[in-house]
Every structure is written in structure tokens, then in C-alpha cells.
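One chain, subunit A, links the two complexes that follow: it is found with subunit B in the first and with subunit C in the second.
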Partner chain A sequence: MSLFTEAFMTALLVGAIAAGIPLLLAGLGEQLSEKAGVLNIGIEGMMLSGAYFGFLIAWKTDSALLGFLGGIGGGMIVAALMALLCVRLGLNQIVIGIALTLGAEGATALLHHVQFSQSYPRLSAPMVFSIPGLSQIPVLGTAFFSREPIVYLSLALVGVFAYLYRRTYWGIALQAAGDKPAALDSAGVNVMLIRSGAVLLTGGLVGLGGAFMAIVGAGIFVPFMTSGQGFIGIVLAMLARGQPIWVLGGAILFGACLSLTTALQVAGVDIPTDVIQMLPFAAVMLVLVFLGRKANLPSALGAAYVRGAR
Partner chain B sequence: MFRKAYTAILPSVMLALLATSALSQDIKSIAILTPEQGTDFGWNQQGVDGAKAAGKATGVEVITAENLGYGDVRPTLRELAEDGNTLLIAHASGYNTAAPEIGAELGVKVAIVDSPASLKNGAVADYTASGHEGAYLAGRLAAKMSRSGAVGIVVSGEPPSWNSQSAAFAEGVKAEKASTVIRYAVIGPAAYSDAAGGKRVTESLIASGADIIFGQGNGSSFGMLQAVETTKAVDGGKVLFIDVIGDKSTIDKGYLLSSVLWNLTPIYTAMIEDIKADKFGSRNYDIALKNDSVSLLKTPQIPDDIWTSVMAIRDQIVKGDIKVTPKFDADSVHALVSELK
Partner chain C sequence: MPSQPIVSLKGVTKRFPGIVANDTVSIDFFPGEVHVLLGENGAGKSTLVSMLSGLQQPDDGEIHIDGARKAIQSPHHALSVGIGTVFQHSMLVPSLTLVDNVNLGGRWWQNPDRPAIAARMSETARSIGVDVTPMAVTSSLSLGEQQQAEIVRALMRGSRFLILDEATAMLTPKDAEKLGLLMRRLVSQGLAVIFITHKLNEAVAYGDRISVLRLGKKVGAIAPDQLKSLGPERVTQEIVRLMFGHSEDAAPSAPAEAMPQQNADLGGAVLEILALEVDDSAVPVSGVELKIRAGEIVGVAGIDGNGQKQLAEALAGQRPVRNGRIYLDGLPIEDMSVGDRRKRGLRYVTDDRLGEGTVGAFPVSINLLLKQIGDAPFWRSGLESPALIAANARRQVVEFDIRTPSIETPAGKLSGGNIQKLLLARELTGSARAVIFAKPTYGLDLQNIAASRRRIREAADSGKAVLVFSTELDELIELSNRIAVMSQGRIVGIVDNDQSARQRIGEMMSGVAK
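Our next item is the complex of A and B:
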């Protein structure tokens, strides 16, 4: 039986995109927070919250669109706590980030236990939008041009953020909040507002990533289902250092490597599974370390801003 | 004469009674720690249900600490030990370093999984339960029912219990129909709750031609189930799923072919009895077809004639006519799956 058929290759590419999109959204979200000077370790929790609320609302309303909006809201709920505790009250960002992740893990697991543990409802496959012409291309067509609208939107966000960071007043203010918050404050811009807004928007993006995992990726919510994807998003953002395009590159590379690991195993390549499973992490780190090292992290990253403090 | 004998025997009897009471341990409560909620129709649920049933059968209170995740559980272990539980059942392979450590520190007996070599008299016992005999039957069933002549094995990691079942499933498939192709893939290093990963990998295996999936995972198995429900086989027909450990029939939408069911009650009961007899730590524990602690789930997807023939194979295993040897290491599974391709 031939293994590398069109159906198999298509499934691998579809899998790569499905695995890469949540990482892209998590990475873009973390990058946004970091630009504003907030090291957001809590995105794993925001993602899980987004996955839970996204699934809950999609299941209740039978609408993937409303589910995605629910995911954005779910991520923002956790992000609001982060903004309150770290930006407003100036508490340690790493400690609060870890606490929020653990809290979100416990809360979503408990909610799942109460609501779904006896029934484990599953969603039907969400609607796909096929781009006429392009979707007919063998293998690539189905994988890239016959996808859920959320996939196109997520990819478009890379360009949107690249534009916002480089060409808008908001992008400059964001950069200043991360690099020279005191200077931004002196210029009459509310640093707290910029940072809080960035954290909330991060929650929305990451929550959308979680909702994607639950609605498109799995079609179900199970406790702990983000399985550290949020932390991989942090790594992508750190290595991409301010460039949305590198987050996209890292996320797609990671997703492609995940599919490659499946292909190698299914093909029966005689390499220990641990080595194969290491491939995505090693590849992303190698590529981004070599290509993304010129950019710098914001100088005030991780430090709470207190007006007048030295 | 009688009085002489009485005075000679009495101290011996007293000594024997004292010795017995010193050896046999009073056991009021035990605790089980699970990484996920005990409602997953799988590993965690079987653990919690098995412990509760064993507690009921032996008159011992059972404390459950669920949903602890896969991180460091030392604080929970310490708390449960200090609460006076005689035995801590650390129901995850990720706990098998921390549990013996805390057990030794606080003098509490611990039961762990996936580390048979850790057996220590009076302190540690392992229950690397393996349903390999049931998995062998599942393999025979899959080969009988596959239309495409290709079946898939998806696992959420490669702990010993999964490995022994993967290997036995592959052996069963080949014993039934040697020409059947077996595709094997691991979702991730410890992707037990990665439902999206389970769906992604399962879809790839289905696209490679598999029309029956043997899936081993905790939360990730729901992603596998979702994949078989939403993806058609290469021939356009239905893909069927064989689960392990628990029974998902109540949430099945007509795609569950079978499950290698585990019943951990006899294991936990034996542990409690061994503690009472002061023999805990002198042996490890396992499950088997012969005492129904391992069985194969019958679903409406299995035609009666095929089920009858599978049950005949079960009887041969129980009698010892067919010997299924567990292979716990991942290398053996890889070698076996490659060799069988």
C-alpha cells in the first residue's frame, strides 16, 4: 500500500496549519504584551480559558463564529486579572502569570467536570471557505485555500500587526511603553492605559487561539488541552523579537515539523520517537536564533511602571 | 500434667497473637492521586472507580485527589501522608519519582506505575497494569474487520502500559491476517491531554489508508474519537475506533468498535490485603483476561460471528494455548511495527 498519496500529503499539510494557527495567535499576543513591557507568562491560562469559553459558546449556540467571540472573551477575562494585578498594582509579572495559568487550569477543569464530564459533547466540523481556482490545486489547494475563515483572518493579522507596529501612533506608543515608559509618560501618554490595553488585546488573541484549538483543532474541550502551547507561543515571541512575520515563520515551521514527525513515524523511519518529537522544538529554535537575533527585546520588559520611581 | 502443658503453651499462644497483631497493619484510609478528573472514561476514571470499589470491599475509606496535572505533586503527596492515609496510590507515571520520595520521608506506603524495578519491601509496589492480552484480541478483531487492509495505532506517549498494548495489538493483527498494514504514530512526548494533537495525528493515519484506529490516550483519545467521527476512510466508508481502559459507549455516535477494558479493583484490593498481612512491597501487581480484570468491550459494530470467534481466541489465551508476552519498552514496539510492515 502506497503511503505518500495525495490524501496523506494533504492531511499532513492540513495538520500543519491546524497546529500552527494557535501558536501564531499565541505568539502574536505575547509579542504585543512584550512590546508594551509586560512579560505575559499567563498566556497558557488565557489560551485555556479561550478554549473553554470558545467551546462552550460554540456548543450552546451551534455557531463557530460566536464560539470564536466567546474564546476572545474568555482570554480577556484572564487578561483583565493580569492587567489589574501586574499593570495597575505592579505585582511580579512572572509570579502572577504562573498563578493565572494554574488558576485557569483548575477553573476550566472544574467547569468541564461539572458540565461535560458525563457527556463529552463534540462539535460538528466548522464551515470552510474555498477560494475559487486556488482550492483546486492538488494537495496545496485543500490545505491552504479551502480552510475555515478564521485561518485566513489569523494569517491576515500578521500583516495588520506589522503595519500597526511600524506605521501608527499606537505602535510607537506601544514600543515606548516597553522601552521608555517614563518618557512616554512625560509626553502625556497614559502608560497604564497602553499597557492594560495591550494585555487585554493579548488575552483576546490568545483566547482566539485557544478557541481555534477547541473548535477547529479538536472539536471538543478537555481539561489541560492546550498542553503547553501557550508556553511555546512565549518562546516564539521571544525568539521573533518584535517581528510578527517571524512569529508566523516560527508557528508554520513548528506546525510543519509536527506533521513531519507524524509522517516519519507513519513511514516507519527507524529513529527513536523522542528524537523525532524533538524536531519541531529544535528546528524553530535553530531557525529563529540564527535569523531573528538582530532584534532586541524592550528594555523595560518585565518591570512594573511606577510614575516617579527610579 | 494438664496444668503444666497449659502453662507451657499459653506464653507461646500469647507470643503468636502479639506477633500477629504487630505484623498485621490497621488500615483505615488510603488515597489515590490522579492527573485528571476521574470522569475521563479512561485511565483516571478506572483508577478512581477501582480504588473506591476496593475500599468498599475491604472496609477502607478512600480519599481521592483528582485533576492534579502532570507537574510536581509533592505538596499533595505530603498533605495526604500527613492526614494519616496508610497507602498513597500515585496514579500517573509522572508521579513515580516523587511518590517513593515522599513515602520514604514520611513513612507511608506508595503504589506507583511504570516502574516495576522500584519494588521495595514494606514501602513501594508497582502496578504497571497491562492489558496486552486484551490488546491482542483487539488486534485480531481489527484485522477481521478492516476493509482496507490497513489499521492505525495512535498513542499519546510511550509509557510501558501503552507500549505493551501497542505491541500486542500489532501481534494480534498479524496473527489474524499477515498482510494487514499497521501504521503507528505518537502524538507527542507526553500528549495525554492533547485532544487537538490526537485528532490531527488520527486524521493523518486515516488518510494513509487506515480504517480502524487503535487509540491510547487520556484526554487526547477524545480527539481521536472526534477524528474518526468526522473523517471518512479512503474508500469513503466509516472509520472505527478501538479505545483502551474505559468504556465510552455512552457517548459513542456509532464509531466505537471496542475497548480493551481494565478493572483495577482486584489490584487495589490485593494491595490493601497485602498491607493488612504485612506483605506490601513483596510483589508487583498486574491485570489479566483470566480473572476478567481485562476484557474486550462488545459493541453493536461487531457482528456476532466475529465476536464469537474473538471470544474463542480469548479462551485459548486463558487456557495458555496462545501466549501473549508483554513488551514494555518503546524500542520493542518500534522494531515490531517496522518488522511487521
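Our next item is the complex of A and C:
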């Protein structure tokens, strides 16, 4: 097969990681919210807010690190609204999630229009940290071991969350908050606190994913640039059945679909890009058809907790 | 007997909109005793439990713990003063192991020492003579095993006052018996246990002291020495008297009317039920045989939750029949839909007036035709005939004295009594042949109780066959020609409504009579 040349594979894998990291962070974030019983439809908005603030701060300070922190903060602003409205006040999670996404789309597009529509500033590419030795491996070295530090951090988060879920009281409390909040309450744990904390942390993770898109992926902020990737994160979380490692697997798979466009162009295959750009969404539908039924969601997902209510 | 109660309720009152759930209830709970709380649904048992476990706060009155006044602010606070509650519906997280259910509430960043906690759990379980599998995932265990684990967990958290809320309601008889023995062992170790149940035989078998609630009030109590000296049968009779008997303040008794004459000119059998079986996970119904003649009222007595609802719904067509026959005017109807049964003259007045009886947001006029939507003459080729619908509504509002601002008022805005009148109007007009009433006066005030009972009587007088399910024995004795007693999904006996009926029904309900 002449298609699978070294250039093609490298382009595919490099692209899969670049496109997969935002999906991974979105999926990990959604998984956290869902574990705690909050169906977080607002992550698309959190991601966009993270992308905007990440870009803004990275551009103003000329520091990718501060940009990432700004992205975390940007995601958390939207998440705080979600926690207030859905956890504290018990409003409908789906309606609020959609509202927050639409609100964030509008607000970031407006801010972008006011600030950058004349100049379209671009960020310089962030520093790459090559791991000595490993980065010399052909194909894999370039894709995995010669990346921005944020990539290593995101991959490490998979292990961190797997540990937290399995080995801490916090992991137990999260699962109880999603499965039977009344049991958690009667054990003397504040359900509101657990759920609000999970939603805020989700905002941070997803916001970081958005900032990654703007700072590492594109080097620029464009309105609506997340283009439904937050929603793919929701699908990833649903299919991962509470296991962070499966979020990683799904993120790389969908990331590969997203990067296939570039890779096929590198390989000189002549397929209309519109067809290739449909791939990730077709893949989502395919995966859902085959695996969607096995999704195992917490039983109190989407339901506000009110003490004493039956 | 220990001198000081662990927990005392002193004049505790709890109000909800439109209802007084607990009305100046005073009860003392002593260590070393199984204290049984008895009462029908709605008697206020669950509210009492919510207040003791910190889910709700009393509006009036005080809760004393070890002699000192305490306000129990939250479930956590209840635990810290030694009150552990095992709710009717399991409070274990199904997807976690038993150990992790015990672990709920540890410091968040710490790594729980699961083997050590499992060992402690097994040890606690052994000390009260039960066996648990700490590493088992909760959802893989039977309800009985889950309940034992909940009791073990409560003890591990230092509970010395254990509330078992309708603990046997979901258990198999064998598991229920195990739980009874476990309660005895717990109190022998000095704990106080509150056991809430519907079942009189369990109360007598496992209780040291019994308090009876009725309509939010404590209507009586049986002390330990009384319980011992009276013997099971006399105790049961006393409880039945307290729960169902006359008492001026608690029982709304409608104006006395003459008892229906026995075997007055009753017609032929209209509704006949043969060897009926109905599936249900909690209370399967089996072997029901009943024959109701035209003009006859047959009452079905029994403590709530003994299959009455299942039987009523199966007759109405809302629940599939597993086996057996239902004849209406000699024709089998058990495979017919709700609509077809209604067309043949079978009517069902549900006790779930807001849930399945009416659509709260629809106007009174449409609710009056809820089971005929789309039928002529009110709908023609799929289009409403507003004039006819309104005329029908106006007629029924007058005829059944439904107090509503207008026929366009949403039904959900009416009072309970008027919603019941609306249901009666809907079910009793037209060509009804047999009418089934489920708890027809449940939750109504005196006047509406009297009105409902009058309608039931009228239905029978006009030659319909009437079946009345009720937990109010007085009501059945006032209305019925014959009374059947239901227990655990079976009809355990049918008596003619004569002078000795009350006594015999009481015996059958409590399982004393053979």
C-alpha cells in the first residue's frame, strides 16, 4: 500500500494528538460531571470560553503558560454559572447547558469582533519539549515524544483521574453523588459541594482543552472554533463507562478522524475535503450505533438533588 | 425497665400545605426495646421518621435526646447523636461495594484502607449474628442482604437508636423473619429499635411496645407489661380497634344511615371474577373469586398494600391479567382494553385522582370526557364540538355539585373533594353496569365523604354492581352488602355484613382467624 508512507503516518498521528487533546480534556471533564450526576451540556460553551480567554491572555502576555491558565479560568467562569443554576438552584440541566453554550458562542464572537476583527493577530508556536532518546523513534517519536509540555500534562491527567476515582474517598463520593445522592447526604457529605466542585473542575479541564485549540492547535481565536468538539466530548464520556483510559482511546480515535484531512492531503489523495470533514461525525454515529447501548450512565444523572424529596 | 428514654418526642407537630402530618405527637423510646409504630398510609409515620433522621424539622414541639432538648438539623447531625435510619428504600449506592458504601464521607484526598474496613464490617456483622460480603457490589445482593448491610453500617457509625422504616415491606417472608430475629438480638445488646410496619402479626411477634398513629395523631399505645399479659390475640384485637375502630376525634363518621338490607331484591350476577391472577413484583394477586350482583355493594377490606390496587387495576384493564377470567354480563372481558371495557359498562374510580384520574392542566370540561376523547358526539371526524362539550360539562357540574369557578378552570386547581366529584360524574354517567371504587373517600373532608358515599349507594340502588376497595372498615360496614378481606394478594374470606362482621373482619385482617 503506497498510502501508508512514513510521511502519511506521521502526519496522521501528529494530527490525531493535536486534535485529540481537546477531545480528551472535554471527555475527561464531562466524565467528571456525569459521575457526580450533572449532565453537562454546557461544555461546548466552556470550551469556547476557554479558547477565547486562553488566546486573549496568551496574546497579551506572550506566554503560553499564562494563556493555558486563562483558558482554565475562562472555562470555570461558565462552569460557575452552571453550578449555580443547576446544582444550587436545581434548574433543568439540559436547558441551562444549551443556554450557556449559545451564550458563550455569542459573547466570544462579539468580543472577538470588537478586539480582533481588524488585526487577526497570530500567536507564535509554543515551545516544544523533545524527550531525549524516545523522540528519535521514527513516526511515534515525532507524534508522541516531541510535543508541547501541555500534551504530556493532558495525557498524565488520564492516570491522575483514574487514581482519584479508584483510590480516594473523593472518588467514592463522586460516584454516590451521581448514583444515589440521598445516600451520600445521609452519610453526612454535602451533595451540593461535591457536585459544584465537579462542575467547576470540569470547567477548568474543558477550558484548558479550548485554550489548547487556540494556542497550540490554531495559534489564533476564531468565533465558533470548537465546532461541536465539546459535544463529541459528551459522547466520549458516555461511551467510556466511567473509565478515563477509554476517554483517551476514544479521543485518539476521533482525533485521527479529524486529522485525516491533512494526512490525506500530505499523501496526495484526491478526495473532496468536505467529505473527509464529515468523518468524525459519521464515526460518532457509527460508534453510537454499535456501542451506545452499552453506555452505563449514573442513575441520578440529570436530576437535581433536593433533600427529603421523593 | 430502664428509667430514661434515649429519645423523646414532646408534642411534635409537622404541617404540610393542606395537611397536618403529625399532630402533637408525644412518644418515649427506651433502650433495650423494639418499639413498633403502626398506622395506615398517611397516618404520619414517615414524617415522624424524617424528623428523627434530620430530613425535616418539626414546626412545633421538641425532640429530646438523653433528656436534653436537641434540634436535629441534618442527616449528619442525626448520625452524630447516635440515630441511625434504615429507610424503606435502600440508602446504599447500588454501583459501589458494601465497603465503599461504608466509606462514604471520608476525607476526600485519602486512600480508604478497604481491607481494614472490610474486616471491621465483618466483625460488626458477626457480633449481631449476620453475615455480610463486604467486597460485593451492592446491586448484586438481595434486598434482605442489603438491609442487613445497612444495619451493620449504622452500627459501625455508632448508632444506638435504630429506625427501621417499613423494613419488611419489600422483603420475602423468610427475610422478614430473619430481620425480626435480628431486631431481638439488637435490643438484647441494649440498643433502641423503632420498627415501622403495616403488618400486625410482625408487630405482635417482635415488638416490646406498640404505638398506633392515625391521621397524624397518636391514638394509643400498648406498654411492654400489657403486651406480655394480654397474649397475641387480645393484643391484635386491641390494635385493630385502635387502627380502625370508632374514636370521636380521629374517625370522620358520616351521618349514620340504615345498614343495607340483606338480600333485598338483588339481580343476577353482573361482574364475575374467576381464579384471577395478577403479576406484581411486590404483591402478586392470586386465586381471587368474586361474584357481584346487580344492585349489590361488595366491599374489599384489608390493610393497604395487600394487593387491592393490583386487583382494581387488573379489573379496570390497566394491568395485564396473568390467569383467570373476568365476566361482565356473562361476557369475558379480561383481554379487552380499558376503552372496550368502559364501552361495555365497566367503570373505575381511581384513588390516584391527580395522577391517573385527571390531567391537571386540562379544563374541567375536557377532564369530564377524558375517557371519551375522540368519540362522537363530542368529537366529529377528529374535530371538537365545543358547544356539546360545554353543555355536557355544565350539566354534570350542576348534577354532581362540582364547585368550580368555571368549566374552563384547570382541574388541578380544584380541591380534592371537587376532583373526586368530577371523577364520580365522569364514571357514573352513561350506561354504567359495574363500578369499581378505589378508596373513594381517601383524603376527603366530612361533607365530601358523605357525598361520595351517597353516590356509591345511588349507583347500587340504580341496579349497578359495585365493588368498593377501602381501608376504612367503618365505611365498608356502612355501605356494603358483603365484605371480602384481602391479605397478601388473596381474598382470605368473605362475610355478610351483619352484627358480627367487624369482629370477624378484624380477625381475618390480622391473620388470627384461619
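Just so it is clear, the second predicted complex is superposed on the first by the 265 of 310 C-alpha atoms of A that agree within 3 Å, B and C clash if a C-alpha of one lies under 4 Å from a C-alpha of the other, contacts with A are read in each partner's own complex, and residues count from 1 in each chain.
We adopt the following convention: contacts are C-beta pairs under 8 Å (C-beta built on N, C-alpha and C of every residue); 3 or more make two chains touch, one makes a residue touch a chain.
What you are looking at is a predicted structure, and each value in this text was computed from that prediction instead of being measured.
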Residue contacts on subunit A - larger count, subunit B or subunit C: B
Touched partner set for A:Ser299, first subunit B, second subunit C, both or neither: second
Subunit B versus subunit C as contact partner of A:Thr168, first or second or both or neither: second
First (subunit B), second (subunit C), both or neither touched by A:Gly188: second
Touched partner set for A:Ser124, first subunit B, second subunit C, both or neither: first
Which of subunit B and subunit C A:Met225 touches, first, second, both or neither: first
Subunit B versus subunit C as contact partner of A:Ile150, first or second or both or neither: neither
Partner chain in contact with A:Ala176 - subunit B first, subunit C second, else both or neither: second
Residues of subunit A that touch subunit B when the two form their complex: 1, 3, 5, 7-8, 10-12, 14-15, 18-19, 22, 105-106, 109-110, 112-113, 117-120, 122, 124-125, 213-214, 217-225, 227, 258-259, 262-263, 265-266, 268, 270, 272-274, 277
For the subunit A and subunit C complex, residues of the former touching the latter: 167-170, 172-173, 175-176, 179-180, 182-189, 298-299, 307-308
Subunit C to subunit A touching residues, read off their complex: 50, 53, 55-56, 74-76, 79-80, 85, 91-96, 100-101, 103-112
Subunit B - residues contacting subunit A, complex: 36-37, 39-41, 67, 69-70, 148-150, 158, 181, 183-186, 188-189, 191, 193-201, 203-209, 219-220, 222-223, 225-226, 229-230, 234, 248, 250-251, 253, 330-331, 334, 337-338, 341
